[in-house]
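Order as written gives the chain letters A, B and C; numbering starts at 1 within each chain.
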């Protein structure tokens, strides 16, 4: 007996070392997920947070009627057509008289966003009295100036490697010294649609597109999903081949790659049914098919958890199965169903691949106003911007991700709260 | 009449039918036709009449949406001059597209080509007629249905049973959408794939070693298709998926084990949400992160080691995809491990095994089918994952197993082939559907096997 | 663990109890009898294992109250009592199986050969090898019969060669009385055996690591009577080599196999005496109520 004991004792050290090593591997595995999440969030926030600020540039614009080509008594139509770009150009040259030669002149123009003339136009059309005076206006700065102001362009790089040339840097320094450059909260990001110019680009179009797409998805997938789940749980005949087949299909569809749903949408909804491309309607239809399995599976679990005694009580009082379902089972299962629905909607909100197939990847400037307007959605906007070469789009991509993650956090917290609040033990 | 107006009118008509049916049922009792007591509550008679009005109208509308575009298009083609008809039958649909675009752009008047202009106007006119016709047809169907329904309102009519039967059938229809979706997927990828295999022999597709669909210079060039050998794409997909699984399986499994067997409740309360957050991050974010941070990092690290790393290396995409899969594997492994009866664990511990020995020698072997099922599901996800590879993997089809080189995947090619302005009938776009078919078949097999394995495993311990 | 919450079935009201011992209330009597320490002979000379003032808690709930008991060498001690009385919990403190339940806390002194098994320098792995355990439900691993029995020896490095391992496996199966039934099927899965064979396989698995004490937690409750009889015979044979503590639901089993019997009630040790004495002349009212079938 002691022989056995000695033998065992001899192995113990090695075995405990293995035990510690195993435990350590487990900890490391978790740590890697943790670390990755931290790095990801850190990177996204570090690159994305500056995008919530935007550089503005102050120019004293000489609204000379001769330059504009209109005077203050001109009609609105004439005011609309006036040459504001020239007024800005002239005023800029006044600040920087050293801007001679083609290269420098273009460099000068590239300090200010090309939206400045429209901005000026709107101001003048509101107050035609300004014509003939010199007035200080704040304009959006060009994206490169913005990026520089945020310290993302190293001025020690050789000039050829920089988008901003030495003379432009000198001008920016001068503007800074004169207090003509200012960083403000970036409202454009939340009010504008997409644009080729980073400083004018915003996610409002994508947010509205996502909103309409989610609306279509919710309105279709929730009733259909709940009805399907209720049928399978409460009305479907047992051991029926068709019912089994439906179940197999649902489980399998939950695991079909999302891009396949995009192909389905392209071939069936767009090419066969003629649903217009790029619209929240077709996006919502595709996402409905993707979300349905999630909602059905969650709803079935919720309906199953309603104790049969309650259903039997209702049936016993003379309620029909359909009445029992609508009066008792569904209301009691609703928290679980809603939780599943929110989770499904959160997945749909982050989905990108199938929407690329059905044209929601189009460049859409206008903010959509309905489910038949061309639109894009938040994750696709992220994809589009991430593909753009401009540096300023990198930070905007991250900013869009932050906003998207914000929506997802809100939705998932709602799901968790709902689950906690209505968690019921029967 | 626009669709919205038709729908609104229809809804109004349904409400009207409901009230009419309800009222009539109440009156019928007073008059004592067929009995002096209603079989169902009055509201059910209202619903019944509304159903009678609604169902025919909805059927008419559905049929119309299904077939109107085809009918209108073919009528437009029929109205074209002979020469153009022949051209549009050539299989490109180019002419039709042009006409439609012209009509939709609202600039018909400015178009110079008189035939196209006439065709576009013809098309618009036909569409207008079709809209008018459907409005009339749907509303007439609704009114006739309503009248028929009203005749059914008698006290002995079992209105509740009728309504409830309709509800149950509707629910069955909703459940059957799952089948319809699968059928839709199969048909849509299959048909387009068959057309593709007319243009490109299936053997070239399955066994060809080069993939370069980008040689068609002009969209209308017939037979200018490039090389459509899909082997490099599937090889690239497998390479990236293998890297992803090599990362995700050990890390996910160990995370699940640590969480269930070692972590303190505090630790569990912190780490579970972290995994859930990782699982909830959209893949486009992972893709952006892979392209922005991970790929450059790997490239730099490789350079520091004297290795030549492509900037869109398979390794970067695979690593990030692996991280994405960790929560998935971890939660499925957790399910599988916790299904092993406690008696197994006790039996092993009672013999003097350490915890890790119990896990390695008893729990994992016992849970192996469940874990393998989970890994198969994860593999299916890795193969079908799109955004990470679109953003972080390459476009050129390299046939290599070197993870430091750039490879492309099936999903990347589907996206590249189908985004941008493509003619729908060109071999390029059809190739995307053939790739989709391959992807669907592979993932379907994996899913079915995985779900079956997991199901059988669960039943074993129930 | 099922024995956490004491469920106390009361005597059905209205049943007449003819009782000549001191007047007791007819109903709910078990609640009225106070348990003042343990009656009988809980202690023996030179015990193999001993417990002194053992208290076990599951979180806030106390499951074992101040139990002191000795287990003598090469004896079979039976622990009986109604469900939830704590007998299984007590058994599990003897090889520190309770350590695997996070909320469980053990107080008191528990010794094996005079060494405190809960001492900081004591190793639970070694302890569990020395004090083996057989569980209520047969729990063979999903491995072959051979691998099931070889599991412990392999873990603990008890065999240096394949031949040694073969020998251990064969010896253990022989001692568990299973060898003749399975000698041709050693590489078939252990889960394919019948319930009684599975339980004997688990016993073989336990004795393969050459333990000093075997704890058996209702080893026959999941078996049919014939399998039960086989296991009981086996226990009788095993007692020449091992010390055995068996928790049982069946008083007949306790009477058949054990030398001493301990009666537990609501987490307290009520009475310990030689088995025939417990079943013929119980000292405590509660013991008598139990063995006469008034509750349990």
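Remarks
What we mean here is this: a contact is a pair of C-beta atoms (placed from the backbone, for glycine too) under 8 Å apart; a residue touches a chain by one contact, two chains touch by 3 or more.
Quick caveat, the model's predicted, so the values are computed rather than measured.
In terms of inter-chain touching, the protein chains here all touch one another pairwise.
A count of C-beta contacts for the chain pairs A-B and A-C puts A-B on top. Located most centrally within the structure is B, per distance between chain CA means and the overall CA mean. In whole angstrom, the spacing between the mean C-alpha positions of subunit B and subunit C is 58.
If you average the Cα atoms of subunit A and of subunit B, the two centres end up 20 Å apart. Taking the mean of the C-alpha atoms as each chain's centre, subunit A and subunit C sit 62 Å apart.
For subunit C, the set of residues that touch two or more other chains comprises 125-126, 129, 155-156, 209.
Within subunit B, contacts with two or more other chains are made by residues 352, 354, 357. In subunit A, the residues that reach two or more other chains under the touch definition are 8, 15. Touching subunit B in their complex are the following residues of subunit A: 8, 15-16, 18-19, 22-23, 25-30, 32-34, 36-37, 39-40, 43-44, 47, 223-225, 227-228, 230-232, 235-236, 245-246, 248-253, 255-264, 266-268, 271-274, 289, 292-293, 296, 320-323, 346, 349-353, 356-357, 361, 379-380, 382-383, 386, 394, 397-398, 401, 404-405, 408, 412. Across the interface of their complex, subunit C is touched by residues 265, 341, 343-354, 357, 361-362, 365-366 of subunit B. Looking at the complex, you find that subunit C touches subunit B at residues 95, 97, 100, 102, 125-129, 132-133, 135, 137, 139-143, 151-152, 155-156, 202, 205-206, 209.
Across the complex, subunit C meets subunit A through its residues 123, 125-126, 129-130, 155-158, 209-210, 212.
Taken together, the subunit A residues at the contact with subunit C in this complex read 1, 4-5, 7-12, 15.
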